[in-house]
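Quick one: this structure, given as structure tokens, is what I'll be asking you about.
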Amino acid sequence: MNIFERLQHIDRRIMYALLVVAIAAPLIWRINLPVVVTPAVRGVYDTFDKMPADKIALIVVYWGAGTVAETGPETAAMMRQLFMQNKKFALLPFDPQGSKFATDSAKALAKEYGKKYGIDWVHWGYQPISNLVPLLQSFPGNIKGTFRTDAYGTPMDKIPMMRNVNTLRDIGVVADITSSGELDTWIAYVQATYRDAKGRYRVPMVYGPTAIIAPEGFNALDAGQIQGMLMGMKGAAEYEKLLSAEGFATRAAGALSTSHLLIVVLIILGNIGYVMSRRRGEG
Amino acid sequence: MFTRYLIKPGAPQWLWVLGVIGDFLLFGGILFAFLQAIPARFRRPFIVTLTFLAGLIYSVEFFWPADPKTQMNFLTPLRLKLGEATKVVYAFALGLGTYNLIRFHGSNLIRKRPGWHNNLAFFISFAAMMGVGFWAYYAPSSKAAANAYNMLFEGIVGALGATMFSTIGFYIVSAAYRAFRIRSGEATLMLLAAFIVMLGQVPVGAYLTSGIPSGGVLRNLRLENLSYWILSQPNMAAQRGIWFGIEIGALAMALRQWLSLERGSFFEREL
Amino acid sequence: MDHATWPTGTLVGLLSILILYKIFSARMGKELFIRKIPGLSAIEEAVGRATEMGRPMVFVPGIGGLSLATLQALSILKYVTSIAAKYRTRIIVPTIDSVVYTVAEEITKDAYTAQGVPEQFNPDDIRYLSDDQFAFASGVVGILNREKAASNFMFGLFAAEALILAETGHQVGAMQIAGTPSILQIPFFITAADYTIIGDEFYAASAYLSREPTLLGSLVGQDYAKALIILVILAGILTVSMPPLHLHGALSFLNHFADWVNWFK
Amino acid sequence: MFDWLSDSHVTTTVTMWIGALGTLAIYSILYKENPAYRLAEHIFIGAAAGYGIFITWSETLKPAWWDQITKGNWYWVFALIAGAMFYFIYSKRYVWISRIIFGTLMGLIAGGAFKAFVGVNVDRISASFKPIAGKGLNAVEIANNLLFIVVLLAVMAYFFFSFEHKTPLRRAPAQLGRWCLMFAFGAMFGFTVMARMSLLIGRIYFLLHDWLHIAR
């Protein structure tokens, strides 16, 4: 077998071994791979940046253990920006495992930035998915009446940061981080419909989907329903770069880059082998 | 009978179990006797009629105008009940699959066929997972039960499921390497689209074309934008085209099933 | 949409009538033509290959419960099993759903009996593996490897595991034919299987294989139904591209003609 | 003997080790079929089957059936009778009784098809009414909409079965349709790669970070 024929028949085990190396290397060592911040990610940053300090952000955790590699860093990076800029947020999880992951990472970040539960962040308590629509219909008009207590049973009135938070108008940004396509439900029931004595209030929204459902988000981005979007791991990495806090997503996005490059190189090698041996055959 | 008249809500569970068994035997027996009375040549027409009637409920419920306020018509409550009932009836069929598993692994184990220790492992993990499931369910306050459940669920079902899922990462590499050759026009088109979209999804792709300005017409040539355009325009149109065909195919299949026009496409043996 | 509206009900009604009309006219004995579908013509070859090599075949009827797509997969299974019975070739059917498993067992038993070899039917070859997607996939991977399958058929609903099964089949050297209405999995079958039937070729399969008048008629009816959808779409495109009408007098009722495009919303 | 189960530190460690060893055993199939994979496969299928029975009871049968009966809705007993009909497939003589329940299920599935058809397709039909002329449209939108229509029609033309693609006039749209299909399939393939790699990265990170503590 000459070299060109060999290039056409690389043993799969060699390819698999190369893939493991391509993924493990950026996870183990610091390898600086280029990350370019795309406009959609800058939109997320700017939306939180512009949020008035007297309002709070609502972080919706609509994901579980299965997608934590993508949605976990997205959630953590958003919380990091808010802590960095001394802004407050509430967690609203719809998945018990997601709730645990998000709480753990909120606690770790709070420690890093010297923030306190109840003053800088709050956990509104896990809600079952089956209750999504009724909840979205009721809470924008009456947050304390809908949730009553936080995740640990403390009445909402007793939580310092919740004192002046009563309706959707007190929420500056809704961040939907999700592995399912329920963004439209948020837009339909919360953003598009909320009205009170002062008139309509379209709450700004940002979106943190997994990569596989991200394309659906482009429509909402075009329509101005969401102000920014993180596209899975890649989006989280770009966001980490904006925050100058390169963490897991940056390393994982490095692994994404290397594994994709490996596929590209393998395909090119296969085609070189194919074209060259055909040329020889003709000659 | 028993559950209707003799046992009242609040009675102990074992009484209910007996009652359900009693009713099952009684009504099941009556139904069985009735079915036995149907002459063999009427069996097929009987099933065809049942199939038609079952389908009729759902179709009429759909076509019959609904009350604009409640979005319901006279058949909607029945449809909802039937949906629940189908779920329950379907759940009872799990025993068939489980029987097949037990028969298959059991016979290998009993006959000590080569690899019988694997069949033994099957039974151990089967019993353990089922056991801790019910333990955790019926002893919700036991910490040991919750831990044991998490250990087996996350350690086996969760971890192995995620691992099996992730093997696609390997297979996608070997499949792409083998298939994406410029053998023909079609293969080249496929390769081209895959290349652009693949690179448009990762940071390194965005880096390759980061020299192109992010404003103006030229921005469309940046890989991430090009990739998004391919996904949202030509790809979406093609998917919709396939979709209409598939859906019409399913509709035709449904019509043939409903009216039992497809004689012999599943079963041929005489009843 | 929970209930039909007048326009949507009429549309689905018209489509159904077209299909039924063609079915009944075909049953009257009208000759019908169907174009070639290469993947389906290869089924016979795949069975022959397994027979020659003396190795079994595997048929995966998807990962769906009992549904229209799974029923279609099972009717393809019936056809493949009939050929397998004719050649006395073993066929293994792993299933993910208890009810589907039961129907599959009935169908295979039936096909062996119809070919006059009921004793060839081995109940252990119709397997229920698991109702968990990836436990099922791990089981099929094991079967493909251990039984050294000579041919692998994948018809029905598939999700992510499609590529796992198809790549494993390729690695054990099986000849593979696949078809699925799950659009997102078609590319993976195309890259890893020898033949892939695309889109509604899947629903055309039983007509193509059995040549039964009912099914052929249905297929022609489906073509008419698709043509009707194309007409509706073209009419819609023309309407929304037209400038709004400002007619007066007797023709003014036409001014609202363009509103029909909102019927389907 | 089971005291250690109450200590979640111990069980978490055990969970991680079971998971890690199982992960390696599953990955070993990538090299070749071997006893470790076979064992992991059987354990996985066994646990999934046990879990399936437990979850069927706790999520379906208990709330939707048993609780109904014990609440006094006695007619749910008939669901058990209907379910029992499946089991007649094992009888030579009474096998036809199982066809009653199959037939009914098939009828229900078929009857639901009209609703399913309207539910997904009507929106897609109206979403395909894309204007190719008119006020407020720029050149890019018109070009995109024209492309959409051409691709949609070409793809649908490919799927017409009842005439041979013989004359050029008939063959050209179908051929174009096939090209569009292949291009779209390539795009779908490329798009999926990142999601699958994300999962694999997550899994390798689990091995390197949680288990071996190599990765940061």
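Worth pointing out:
Lettered A, B, C and D in written order, each chain numbered from 1.
Criterion: a residue touches a chain if its C-beta (ideal position, glycine included) is under 8 Å from a C-beta of that chain, and two chains touch if they have at least 3 such contacts.
Remember, predicted model here, so these are calculated numbers, not experimental data.
Any chain touching subunit A that also touches subunit C appears here: B, D.
Farthest chain from subunit A (centres taken as the mean of C-alpha atoms): C.
Among the chains present, the centre nearest to the common Cα mean is that of D. Counting C-beta pairs in contact, the chain pair with the largest number is B-D.
Each chain gets one centre point, the mean of its Cα atoms, and the points for subunit B and subunit D are 7 Å apart. Rounded to whole angstrom units, the spacing between the C-alpha centres of subunit C and subunit D is 15.
Separating the centre of subunit A from that of subunit B, both taken as means of CA atoms, is a distance of 28 Å.
Spacing of subunit A relative to subunit D, judged by their CA centroids, is 24 angstrom. Of all residues in subunit A, those that touch two or more other chains are 12, 16, 19, 211, 215, 234, 256, 259-260, 263. With touch defined as above, residues shared between interfaces to two or more other chains in subunit C number as follows: 2, 4, 9, 12, 15-16, 66, 68, 71, 98-99, 102-103, 106, 129, 131-132, 134-135, 138, 160, 183, 186-188, 190-191, 198-200, 204, 219, 222, 226, 229.
Counting partner chains per residue, subunit D has residues 26, 29-30, 38, 40-41, 44-45, 47-49, 51-52, 86, 89, 95, 105-106, 109-110, 113-115, 117-118, 128, 149, 152-153, 156, 159, 181, 185-186, 188-189, 191-194, 196-197, 199-200, 202 touching two or more of them. If the chains shown are joined wherever they touch, the resulting network has some other arrangement, not a path, ring, star or complete graph.
Interfaces, counted as pairs of touching chains, are A-B, A-D, B-C, B-D, C-D.
Across the interface of their complex, subunit C is touched by residues 26, 29, 33, 37-38, 40-41, 44-45, 47-49, 51-52, 86, 89, 95, 98, 102, 105-106, 109-110, 113-115, 117-119, 122-123, 125-126, 128-135, 149, 152-153, 156, 159-165, 181, 185-186, 188-189, 192, 196 of subunit D.
Considering their complex, residues 2-3, 5-8, 11, 14-20, 22-23, 26-27, 29-30, 38-58, 60-61, 64-65, 69-72, 74, 76-84, 86-87, 89, 95-97, 99-101, 103-118, 120-121, 124, 128, 144, 147-149, 151-156, 159, 177-194, 196-197, 199-200, 202-203 of subunit D touch subunit B. Partner subunit A is touched in their complex by these residues of subunit D: 30-31, 191-195, 197-202, 204-205, 208-209, 214-216. Residues of subunit C that touch subunit B in their complex: 2-4, 9, 12-13, 15-16, 19-20, 23, 65-66, 68-69, 71-72, 74-75, 78, 95, 97-99, 101-103, 106-107, 109-111, 113-114, 124, 126-129, 131-135, 137-138, 160-161, 163-164, 166-168, 170, 181, 183, 186-188, 190-192, 198-200, 202-204, 206, 210, 212, 214-215, 218-219, 221-222, 225-226, 229. Chain contact summary for the complex, subunit B toward subunit C: residues 61-66, 71, 73, 90, 93-98, 100-101, 103-104, 107, 157, 160-161, 164-165, 167-168, 171-172, 174-176, 178-180, 190, 239, 242-246, 248-257, 259, 261-269.
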